[in-house]
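In the part that follows, the structures are each spelled out as structure tokens.
Each of the next two complexes has subunit A plus one other chain: subunit B in the first, subunit C in the second.
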Partner chain A sequence: MHFSLNPEFGNRMVTLMAALVLVLQLAMTAQRWLVTNIRIFGLQSFLLAAIAATIGVFNNSPHLLAAAGLTLGVKAILVPILLERLVARIEIRQEIEPLLNAPVSVLIGGGLTLIGYIVAASFNRPDQVPGAAGLGHNTLAVAISLFLIGFFTMINRRKALMQVLGLLSLENGVFLATISLTYGVPLMVEVGIFFDVLVGVMVLGILIYRIRETFESMDVSRLRRLRG
Partner chain B sequence: MSTMPGALLANLPQFVLLLAVSPLVAGCIRTLKARLQTRRGPDVVQPYRDLYKLLRKGMVIPDSASWLFSAVPYIVFLTAIVAGLMIPTISVTAPLGLFGGVLAVVYLLGLGRFALALGGLDTGSSFGGLGSSREMTIAALAEPAMMLAIFTVAIGANSTSLSEIARAAIGQQWRFLAPSQMLAFAAMFLVLIAETGRIPVDNPATHLELTMIHEAMILEYSGPYLALIEWGAAIKQLLLMTLLLNSFFPFGLQPDWSAASIVTGLAILLLKLLALGCAIVLVETSNAKLRLFRVPELLAIAFTLGALALIAGFLF
Partner chain C sequence: MILAALLLIPLVAALLSWFARAPRAMEKINVAAFAAIFVLALILAAQVLGSGPVSLWDSFLYADQISALVILLTAFVALFCAVYAVGYFREDERAGNLSEEGGSGDSAARKLRQYYTLTPLFVFSMLLVTTANNLGVMWVAIEATTLTSVFLITFYRKVTSLEAGWKYAMIGGVGLAMALLGTVLMYYSGYMLMGLDTLTSLNWSMLVDRAGQLDKTTMRLAFILVLLGYGTKAGLAPMHTWKPDAYSEAPVPAAAMLSTATMNCAIYGLVRFYILASRCLGAEFPGGLLLFFGVLSMGIAAPFILVQGNFRRLLAYSSIDHAGIMVTALGAGGALGALGLMLHMVFHTVTKTLLFFCAGNVYQHFQTDLFRRIKSGVIRSMPVTGTVFLMATLAVVGMPPFSLFQSEFIVLRAVFAGGHYLVIVLFILFALGIFAGALIHIGSMILGPAGESPAVPWYPWRDTSVIALAAILIVIGFWLPAPLLALIRGAANVVTGGL
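After this line comes the complex of A and B, so read on.
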């Protein structure tokens, strides 16, 4: 059952989905509602799984399909469900005010994307690596941007839950960089990373719940009060 | 067809199209929206009846109004028509395409908006001034986003002429899947919503003094002047929708202005407009109107999308 797939088409689909992932990441910096942010993250992870699956199909690397399935199961379904249950339990739905307001955050996100593209452009060597360059270049730029914007979200937001989401989207950026540059690392490494993420989210969930119980808020700047 | 009457004749179909189809598009959007909210809603042809009714009525002109008050409706209407003749609707070649590209279209609409804001200020009523100041605030924020999105498309075609842009887009089959095109499309869509005063930005259906923008400016107008302004607004909406459709999805644009291609081109254009209208209606129904101070956030997103589109278009 061999059917010929047009690699050009696959390439375009991957680039398109990577651009959508980037747009979702920017939407996350502007969005105030916690539940919406969690759903945006879920959608982003779903697109990431689709990218991994597309690369897996078009480059004949079946273990990427397993990684795509893991992404779908863990990051697009399990983690959002865990986080939404956490939001329901702590009964805080909205970010009061991030350090920088939404338009400035979005513009900074745009600036970070520019940096991502400039950094990625220096990796572009089509003359030396003819095969991999076409796919890696554009998605690598998106991956670096995801990484930077995720970092920025962690700095900008005060709520502990948003910082967790920033960390998770940062991890999405690392995963995107991995699959776009190397077409996937060995499956054992992927499984390890996903297990790590899942355990991390669980531990952070418990931690957020404790912060909320102690301070009646999940504003991490209140942790300063712990100083003796 | 190089003689003067011939050239005028070639403009005629698009001229008629702009005048005749624009109320229909507005009516369709209104009816679809009502149906989606399980209301019966007005008929599709209701805007025609409204225009007919307004054109027959007398006018009330405030004592404090100057000559500007009477000049504004004509400027709004004529700039919309001239800008409308510069964009490709049915055929790739726009009738007035030679006179200016997309920059001319944007700034003709800007001239119309400026005139409307002046008209709102002219009578000295507080609502008019309020509407004008809000309109100009939003316009100032929407314009850079729109220009960035347009530059992205124009760079792809190596020209700011809309006919050239449409031709280039027809030539490249998969182009609309490129990330820069998608980002530019998203930015343009947000700008379209802001410019035509649809729901997250302005509510076209109410006269609530806290939120109205477009309605506040034209509060003093009545009769034929109001008809001209409303018609101009409908044409502007049609033209922005067509601009969005034909610079990103130029399928079905005809190569010439023969009778057969007018019929097929018109059918395809109406289908595309209907699809875009459905998208607008979905956005309007699923969103609440934003607080005025949150509108800059929406337009900052549009600006960032436009900037990203330009970056992605430039570097690759």
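After this line comes the complex of A and C, so read on.
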């Protein structure tokens, strides 16, 4: 296995996976089927876990491996299962028309990616460290793009569940930023964040279920009784 | 030790309430737990006053004067709300507001169990916000205050309360994601400096000593993100839209806690980051941003209060206004600004809790929170509530005999000392608008000819808490206990770094 611990190889792996993460995020803005979107999110989280694991192996950092395990368990497996069960229970599969159609959404997603790269390029970073210690620093642009596109998804989609997915992918962006900048946050904080994400998904799931029971719809744009 | 006990008691209370069968037992558990927490908060304040910051578990938990003050306020509000809630929910139960119309949902007992279990958890997360030394843990705790209070807002399961809960969860979620990114950037700047991959490089007590050496670009971006994030939680304009909905849909004791204790926690988070940012960048950059959002919040609140038709929403806009005043005080900077902020936080907490209690009494009696339905003459059918409501309204708009006038005056002096003359003009303009709006609406509801509603009997739980709080409000207008004043000054000193 020694040949694979060549930092150059690791760097290519990480860059490739980060690119795939970004592609999945763009796909989510265009995809209308709820179940497909949940699986896209699961796959994206799986890739993030793989990125964290790769950097962890190359830098011999057990802490990053733990973060990768948490991502895999919570965001790539548990959250998609919970959301798919919710979709089965509320018996809605297809998204109604988003505010903007798919081509325009993808174009805006592309524009936001560009902004992400500009922000990341202007961002003050310590000198590029060659070798394993510099691994993954180039993913900051992807992280910022994920954050922005997730935000856009939340505004563009009217289905409650899609807004939750937007919020979750936005959080994925923050997670990638922690890996890229500081190789993760302290484990204690990491565990707390994952706990909050899990509880948050459950709380929002229950809320969606109740909204569905009451409104016979998940269209959040109908939630407009409270004004002024 | 005392910090651990503070955090342990609400958790135990939540567990006990979950397994208790009778609503009466849950009431007792909650009141007893919050009384114990209040006593502990007093002891903690005394300790901090006597011998400086307290820390525990390798300074994982850390409480200085600011923490002790905010903990004291949280415990104070939680205790009063627990007592008030007993009367409030018994009345709800009697009026049949807790049983579902369709009959398919939860019974009254299950709803009450939800309330009495979630409330201690909610208070636990607020206490964790103020005792956590690590800024990441503080973020986790602030997120937890949102998660534990969503179902308090949707308590009545009405269409409108689900809408309010959804907005609260989503807007809060996005805001806190920004705050998390800001916290990560703060960690990054600490990490570059110290190169430690351990828990301590996000510890506030550690960062504050080295704030001058932190990377300035990163700090700027981090402060902007955290201001947007925790500002959303505090209800600063333009991220305030969830606030009127949440406060008018939540049960009144929960709304009172949200608008005082939770808002204090969000402001507390901002203060912690402001201290780091001002040591690193100087006071101008964070101060200017804070002044902008503060004045904007006051400006958004004023017109909505002037045209408001619902008194619980009016109270929410008043909270947005006061969040704006506190942030303005912080942004004005200097010893005067910090003192004004801490005083204002104390006075606002007492006044707004009292206002929500009065609004709850009126709401439960008339079964509506619309001015046009109640019309006038509340004071004739509800003499105690009516009188106190009017008095508290005068206090909240900043009339002279009451304490909020003093703190607003100090804030204005701080702004003047900073030379922000435009802010002063706008501050006074918006304060006048809010003064007129709130007083006209609430005054004409309370005074005037009586409607046809019958006189109200004496409700022991609710009326005693209203009268006790009203007495406190009058007293603090003229006299603050010396230890409390020392604590407030100590908290202000932490902000300015003892200048």
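Quick notes on this one:
Simple rule for what comes next: the second predicted complex is superposed on the first by the 207 of 228 C-alpha atoms of A that agree within 3 Å, B and C clash if a C-alpha of one lies under 4 Å from a C-alpha of the other, contacts with A are read in each partner's own complex, and residues count from 1 in each chain.
Criterion: a contact is a pair of C-beta atoms (placed from the backbone, for glycine too) under 8 Å apart; a residue touches a chain by one contact, two chains touch by 3 or more.
Just so it is clear, the structure is predicted and the values come from calculations on it, not from any experiment.
Aligning the two structures on subunit A places subunit B and subunit C side by side, free of any clash. When the shared chain is aligned, subunit C comes close enough to touch A:F195, but subunit B does not. Shared-chain residue A:T214: touches subunit C; no touch with subunit B.
Remark: in the superposition on chain A the angle formed at subunit A by the CA centres of subunit B and subunit C amounts to 150 degrees, rounded in steps of 10.
Applying the stated contact rule after C-alpha superposition, one finds that A:T36 touches neither subunit B nor subunit C. In the overlay built on the shared chain, the residue A:F147 is in contact with subunit C alone; subunit B does not reach it. Contacts of A:N59 after superposition on the shared chain: neither subunit B nor subunit C is touched. When the two complexes are overlaid on their common chain A, residue A:L16 makes contact with subunit B while staying clear of subunit C.
In the superposition on chain A, the chain among subunit B and subunit C reaching more residues of subunit A is C.
Closest approach of subunit B to subunit C, taken over C-alpha atoms in the A-based superposition, is 22 Å. Listing the residues of subunit C that touch subunit A in their complex gives 134, 136-137, 139-140, 143-144, 147, 150-151, 154, 157, 159-160, 162-167, 169-170, 173-174, 177, 180-181, 184-185, 187-188, 191-192, 197-199, 201-202, 215, 217-218, 221, 244-245, 248-249, 304, 307-310, 313.
For subunit B in complex with subunit A, the touching residues are 174, 177-179, 182-183, 186, 296-297, 300-301, 303-305, 307-308, 311-312, 315-316.
Residues of subunit A that touch subunit B in their complex: 8-9, 12-13, 15-16, 18-20, 22-23, 26-27, 30, 101-103, 106-107, 109-110, 113-114, 117, 121, 137-138, 141. Those residues of subunit A whose C-beta lies close enough to touch subunit C in the complex are 61, 63, 123-124, 126, 147, 151, 154, 160, 163, 167, 170-171, 174, 177-178, 181-183, 185-189, 192-193, 195-196, 199-200, 203-204, 206-207, 210-211, 214-215, 220, 223-226, 228.
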